[in-house]
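First chain A sits with chain B, and in the next complex the same chain sits with chain C.
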Partner chain A sequence: MLNLSTAVFRQLLSWPMLLSGALWLALAYNLSFDEHLGAASLGAFLSYIVLALSALILRFGYVLQQRRQQGWLRQDSLRGTTARAVISETVAAMFALLLLVVCSQLIVLALSPRLNVQSESHHIVMSRVESDNSWSFAWDDNIPAGSKLCLTFDFENSPKGVFESYIAVKELSAPVIAGEIFYWPLSADNVLDRTITLEAPAEHNISLIRPIARLVIERPPISALPRLLLNQLLFFFTVIALCLFIFRRLKVNGNLASMGALAISSLTNIKGSYLFPDVGALVASGLRFERTALTTSNIALFTWLAIGAILIYFSCKNPVANKK
Partner chain B sequence: MTTPPALILENVRLAWQGADAPLISIKAQVGDKLLVLGSNGCGKTTLAETICGYLQAANGTVGRSSRLGYVAQQPKLPVTISVESYFGQLVSLCADSVVNDAQQCMNLFGLTPYAKRKIGDLSRGWQQRINLAQAWLGDPRLIILDEPQTALDPDGMTSLRNVIADSNACVLIFSPPQTGCETLVDTHINYSELC
Partner chain C sequence: MTRNLPSAFVSLIIAFCVVSIANGNLRAVGQDAVDSFRCFNMYLDFNNASFEENYLMMGAVAKQIEYLSGDSDVSEFSAYMAGYSTSAESHKRTGRDALHWAETGAEWLQSSVSTRNKPFTGLQLAAYIYADRILPHSSSRLVREQMLKIYAVWLASGGGSGSVNHGSATLYQDYLALDHEGRDNYILGQLQQTWVPE
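Entry: the complex of A and B
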């Protein structure tokens, strides 16, 4: 089977493809971390890597179609060893993705770029006035644990001499000082609930300056890159499986199968969709990636991988004969 | 203990045929060599593909040995790789217990001198020899040849005749009349006699 996997891998990553990949990595590095060009953000770098991985999936679909034209599918079903072909195709595709991920990790490791010095990023949070002295905040994403609310309170209407108050949620409380930014660390429960209601003593009559209420999320350090890249690899495992399933069981053209697999897997980013486990954060990228990066639950991840394994199992079955 | 037949078709109606079409029945043992002659469009390739499992029969039973070799009328070959590499990959696709030497298969049709050449660089005749040689890989019990004479020179036809004569498998050849395939085996039947 090593022979088969190697053959598919070589078909997948020919020399021009390898060269293009290397050029793309160099470009991605420069566009992400260069002092003048880039945002010096891991998120920007990850978005270029996701693009390259998606391109590899498209290439995989092209190779599958090429192999169909070369008669390999007929050979598989004739010799009754379809599982070998499917597994070797999966192994070859995963190995190609792994190679890209490892190279992107190595390039960052070797050149150790300077990240944006600002260690935290501020995101707009939806706030609502519940009463004169209580406010609720809500957000859509699975934000990382350790995030904080960053708030500013107005003491203008407070009784004379009141420059200090406190904010409470149930039995927890924290002091608020006039003129100082207030941070409320979110508990694991708050993060899960995606909402929190804060309350101040009514007699202090302080008010929240809502337009500048922010959610503060710490940016993942450069040491988190291997885990972020591994997440991308795990996400694309099921995309490969989906592509193989569409190609082999539904007998769709390989190019269309890869496009379909990418389109279907992108549905994981739709909020509130129960079609797929919530794994969109595995491929979190862009300048605001820290908002969702590393927030995928283990259950969602294992469900996603199990879907991939089931799809590969069904792809391994000998295809049903055509009806002419 | 009796050996199971290499091929058994009972009252098979091909997928594209109407309900009033005649039913096809064949029974062939390992070692039988048979040439089925039929004019263009009579259903030879459809029958060959039905036996191989690529097409579903409309009704009837298709039973065949699981160790099968097939020479398609229109070969689909990976033109970008070498002959040697192609056979190497095919060996990986065969069940471990029945793998025979790829080199031996290549020798049957004189492909060894071309082992390092890319398939796409070879002439149509040599590509047909590759198409023939792959059918003998994996020690098949049943070999279906669909118009195997296509693009073969007299030397190639002689090789094919000798390989068929030496083979222990059941060999079923489909061809139009008067193409030279009559010289390959002794038993000839018309397609219409299968019904």
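Entry: the complex of A and C
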């Protein structure tokens, strides 16, 4: 099985592929952390890594198709070694992805780039006016725990001498001082509900300067990179399983299978869909990645991994042998 | 026929994803890399435009960068360059030209206030552009009102989290203590005290 894994791994990461990967990493690093250009963003770097991992999945599909054309699948079924072959292919693909992830971690560790100086990012949330002194805010994504809501209030029409008021959410309240930005720390319930309603005393007649608020979300530090990359690896485990299932059980062309696996895994990004566990945040990347990064719940993660394990289990079963 | 069914099904899923991505309803895995790369190129374009003093280009690219990455600094820098810095007398611009760019810079700052990630940034600059570059060349009452309104909003928003003026809350409270007419004069007084003449 080890020999088979090594063979698939070497087929997957041939020398030209290794060279392309190294070049891609160098390019990704420069594009993401250039001192004079770019947003010096960890999210940008992660997005290039996700793209490279997706390219590896496509390469995996191509290798599977090549192996089918070479007659290896037929031999597997004749010798009754399908399960071992599937596990070897999974291990080889996971190791290829792991190599890329480890290299990307090493490059950042070795060069320790400077990130955006602002440790917090602001994301706009629109307000729904409930009444003259009550405002409701709702957002679509899972946001990290510990996020805050940033609001700016206008005391222009308040009674004379009123420079301070308070904002209440259920039983909790916090003071608002005229001329100061108001921050409301979101509770675990608010984060879970994805909504919050704020209320001010009607007699103070304060209003929002504009009907919007900002979600203040802390940017993950560079030390969070290993966890972010591990999340990507876990996400792609099920993508590999999907690819193998489509290829082996549904007998679809390898290239089409890999594209199908990527397409199906992209469906996890559809908001409000209960078809898949909410694991889109595992591959949170891009310039505003902090909004969803590291927000995947353990239940969703384990469900996603269990789906992957089940798909591999079904891929291991030899359909020809079953018929006998 | 049945042999091709799985392939057709997978193709259908891929087609559905492609259409959803094109509609903007779905983000494919790895799609963020495209935005990151676009943003990098926009920073390049912004630097080139800044080097060439192409302010319209700077403003247009800054808006896109702000939309993609949430970075408002480029937007403020372009408004500062177009509306304040280069409309100074030392740049030997004609009065009309300077006024045009000052108005353009102020407009850029105002138009993006609601979409900007940080509402407070840029408001002070907009007020200064009005006070120092537009108001001396315009007798319009609307311009004056606009300037007063922007400065009042800036005071109310605490001058921003990165503001060096930690006393802005006190300023705003002093402002609130006055009657309507007194408030306008208070702002004018503040503007005269704080802006740095060339």
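In this text, the second predicted complex is superposed on the first by the 317 of 324 C-alpha atoms of A that agree within 3 Å, B and C clash if a C-alpha of one lies under 4 Å from a C-alpha of the other, contacts with A are read in each partner's own complex, and residues count from 1 in each chain.
What we mean here is this: contacts are C-beta pairs under 8 Å (C-beta built on N, C-alpha and C of every residue); 3 or more make two chains touch, one makes a residue touch a chain.
All values reported here derive from a predicted model rather than from experimental measurement.
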| item | value |
| --- | --- |
| Simultaneous placement of chain C and chain B on chain A, clash or fit | fit |
| Chain C versus chain B, contacts on chain A by residue | C |
| Superposition-derived angle with apex at the Cα centre of chain A and sides reaching chain B and chain C, degrees in steps of 10 | 140 |
| First, second, both or neither for A:Phe163, with chain B first and chain C second | second |
| First, second, both or neither for A:Ser136, with chain B first and chain C second | neither |
| Chain B versus chain C as contact partner of A:Gln75, first or second or both or neither | first |
| First, second, both or neither for A:Ser20, with chain B first and chain C second | neither |
| Touched partner set for A:Ser47, first chain B, second chain C, both or neither | second |
| Which of chain B and chain C A:Ser173 touches, first, second, both or neither | neither |
| Chain B versus chain C as contact partner of A:Thr303, first or second or both or neither | neither |
| Which superposed partner A:Leu262 touches (first chain B, second chain C, both, neither) | second |
| Closest Cα approach, chain C to chain B, once both complexes are overlaid on chain A (Å) | 13 |
| Chain B and chain C footprints on chain A, overlapping residues | none |
| Touching residues on chain B, where the partner in the complex is chain A | 14-16, 46, 50, 52-56, 66, 68-70, 72, 75-81, 85, 88-95, 134, 138 |
| For the chain C and chain A complex, residues of the former touching the latter | 3, 6-7, 9-11, 13-14, 16-17, 20-21, 25-30, 32-33, 35-37, 39-40, 43-44, 47, 68-71, 113-115, 117-120, 152-153, 155-161, 168-173, 176-177 |
| Sites on chain A touched by chain B in the complex | 1, 3-4, 7, 11, 67, 69-72, 74-81, 84-85, 88, 318, 320-324 |
| Chain C contact footprint on chain A (complex, rising order) | 31-32, 34, 36-39, 41, 43-44, 46-48, 50-51, 53-54, 121-124, 152-156, 158, 160-161, 163, 177-181, 209-210, 212, 214, 235, 239, 246, 250-253, 256-257, 259-260, 262-267, 269-270, 283, 285-289 |
